[in-house]
Amino acid sequence: MCLAIPAKIVELYPEDQALVEVAGVRRHVNIGLLQEEQPAAGDWVLVHVGFAMSKISEEQAQDQIRVLKMLGEQDAAEEEARNYGLNDS
Amino acid sequence: MTAALPKISFRDPQIEMAHGAGGKASRRLIDGLIAPLLCGPLTEPLGDAAHIDLNGTRIAITADSFVVQPLRFPGGSIGELAVNGTVNDLAVSGARAQALLVTYVLEAGLATSVLEAEIRAMADAAARAGVVIAGGDTKVVENGKADRMYITTAGIGAPIPGLALSAASVRPGDKILLSGPIGDHGITVLLARGELDFEAELCSDTRSVLPLVEALAEAAGPAIRWMRDPTRGGVATSLNELARDCKLSVALIEERIPVRDVVRGACELLGLDPLHIANEGQFLAVVAEDHAEAALQALRNTPGGDDAAIIGEIREQPAATVLGVAGYGGTRVIDMLVGDPLPRIC
Amino acid sequence: MKFVDEFREPEVIAKASAEIQRLADPNRHYRLMEVCGGHTHAIYRFGLKDLLPPNVELVHGPGCPVCVLPMGRIDDALSIAAQGNVIFAAFGDMMRVPGANGSPLQHKARGMDIRIVYSPSDALRLAVQNPEKHVMFFAIGFETTAPSTALTLMRAKKDGIKNFLVFSNHVTIIPAIRAILDSPDMRIDAFIGPGHVSTVIGCRPYEWIAKNEGRPIVVSGFEPVDVLQAIVMLLRQLDKGDAKVENQYTRVVPWEGNRAALKAIGEVFELRPYFEWRGMGFISQSALSIRPAYAEWDAEKRFQVPGVRVTDPKAAQCGEVLKGVLKPAQCKLFGKECTPEHPIGALMVSSEGSCAAYYNFEYRKAAALAGTPS
């Protein structure tokens, strides 16, 4: 139930179809579940059993990685602040 | 005097596709039925080819059958597989193929143009591989049998001097070399069948690996412990056979395994693992640590070996197991499959 | 691969993993259940357990639609296919699942026309290409997959493709989670929520888990970074004594779900009053059947279905493993009578079944390192 892969829309076709590509592999998928989001060529979508389930937000993805990369730095900063007596612990 | 009765442990009531897939079911059939009755008690594990003594001369012999749908696919066809496959079996057993015999089982109704195309493909492949086709046989069966064409090739060759290959000679610390990217052939054929409706720019990797094996032999000779060509069942199956035969651990560094992006993409989409996918133009070699770099360079300096890589090493533990090690420290056991890899959605 | 490689980067994994080590209270034992079989597979495939401290335990849940299918349903479907002139189309996941007289692949070896499809739309195409036969699509999956089956049925109806049938085994995730929480043997501290199911149902349906049952739940993606980040978020909640629904998989999961997908499910499917889940008994309102408006495409209405009920061998403990009460290796049949080569239950066949995942990815590692024969 869970195998779904990010793919890029290459071209839209009539009747809710789109050609998508993942690392050079192409397939026609059904984008009928995404009509409210008006998918366009260049958008990235999550594909499961030949149907696009959701649009992928590049912004959210980058945010997430950024937050995670900062892990540890935040703690180090807090540790430093504590050592200077700047925070009540 | 009574001879020991052969031990038949194969209990399946019928033969299924899984028994031909090169994985665990194939092993059970060979180990449990075929080998005990045909070969008697084995002193050594079965390899890709047999080196036998013919009146004082060592020769190498092998045979293989080729069954593929569709017959033609990007990068090759059944004819080329039939030539290269047998040349490669001999090569990784440490022998230079000299002559092949070919048998055709043809389905009545097969278009002559299709047969001619395959015969030409075999002639070309044989010329490129430097082997002579010395003879063969042809049979025709009724329409509906033989999936248009089955080909068997048997090959005979001379051992390459300086090589002494055996799983028993493998030691902890030895390195595992791979000649190039994996998964190209199996994914090409899967897509060429057209049932899954995917398209990709990808070709089969079918080729003779003899030039690469010869370059390796020259650079590392006696330091090469073991070789195998990972056909059906993929790298995972070949290395599991190694691990089982040498009773040591095969540790694979996942990031070092060469895989084309497009093969990776197809595998992710279908839920397949490139390590289980068939290759027709690659081989694995275990080389003693002190010769591994030189061996790698020899491969990389040979045409067709640009993507060769050291993908892992032999360790003591976990014994008889292939372990995948990721750069971030996660590990997983890499096992043989039961039968053919199947696309999944879960 | 974009949106995949970034979430497998060693540097980011290391940070998430270090944070887990830092957060885990050494005086506490955390039991986190990943509901979805896809997470079980990911955890083993990426070796994520190697990165967790010993007091953070992952318990495998029942979210494997192949695993929870009672054996009788496969026999029912095969009996329809045996009625002649039927092409049985299913996902690859189903092909090795044993029925009473063999798996679909074994039936194929005996001559039945059985085809693997990647998409229900491929099965519909088979029907168009083979007008003289019936094509029966064996539909499985949770809410992730049901909308695709629904859209395919809507298309079949619209185009008047009468030789296409669906045998529906779609199940819903909330009753499964409820069964876990209701089970007296269970003690789960928090849940890793199913990321792809949630692209359809959103995050609201999990609110009762936090509010009424006091357990945190974080909806998670499937890459190593996703799962580890979800665990970080769960540990943070548990350490503070919080119980909230959170979304880790924000790049893909909308809080409100996918309205078009829910609409499609509602158009084509209705809830069965009850459905049998392997090893878990009958659960009410937990599965989808096809509405009367689509009866012509419902395999169960068009064909005589024997309604086979096959009981598992008494020694097989599929149910307890599905609920996370037992670990796979604790089942008496594990690794002996039940292996991927001759599976007793679907947990050993499905690539996301916890027994198969453990057997394929972990078992021999543990046995070999312990010096015990496997």
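Just a few scattered comments:
When the chains are written out, they are named A, B and C in that same order, and each has its own residue count from 1.
Quick note on the criterion: a contact is a pair of C-beta atoms (placed from the backbone, for glycine too) under 8 Å apart; a residue touches a chain by one contact, two chains touch by 3 or more.
All figures in this text were calculated on a predicted structure; none of them were measured in a lab.
Taking the mean of each chain's C-alpha atoms, the chain whose centre lies closest to the overall C-alpha mean is C. Counting C-beta pairs in contact, the pair that comes out ahead of the other among B-C and A-B is B-C.
A separation of 22 Å divides the Cα centre of subunit A from that of subunit C. Each chain gets a centre from the mean of its Cα atoms; for subunit B and subunit C, those two points are 34 Å apart.
Centre-to-centre, using mean CA coordinates, subunit A is 39 Å away from subunit B. Touching of two or more other chains is recorded for residues 1-3, 5, 22-23, 48-50 of subunit A. Touching two or more other chains at once are residues 197-198, 261, 264-265, 268, 271, 344-346 of subunit B. Shared contact sites, meaning residues of subunit C that touch two or more other chains, fall at 1, 4, 37-38, 41, 64-65, 91, 118-119, 122, 141, 145, 352.
Residues of subunit C that touch subunit A in their complex: 1-4, 6-7, 9, 11-12, 15-16, 18-19, 22, 36-39, 41, 63-65, 91, 118-122, 140-142, 144-145, 147-148, 151, 194-197, 199-200, 222, 225, 229, 232, 250-254, 258-261, 264, 352.
Within the complex formed with subunit C, the residues of subunit B that make contact are 14-18, 24-25, 28, 195-198, 249, 261, 264-265, 268, 270-271, 317-321, 323-324, 326-333, 335, 338-339, 342-346. Considering their complex, residues 1-3, 5, 7, 22-28, 47-50 of subunit A touch subunit B. The touching residues of subunit B, when paired with subunit A in their complex, are 197-202, 261-262, 264-266, 268-269, 271, 344-346.
Subunit C makes touch with subunit B in their complex at residues 1, 4, 10, 13-14, 17, 37-38, 41, 44-48, 50-51, 64-66, 91-93, 95-96, 105-106, 108-110, 115-119, 122, 141, 145, 224, 340-341, 350-352, 360-365, 367-369.
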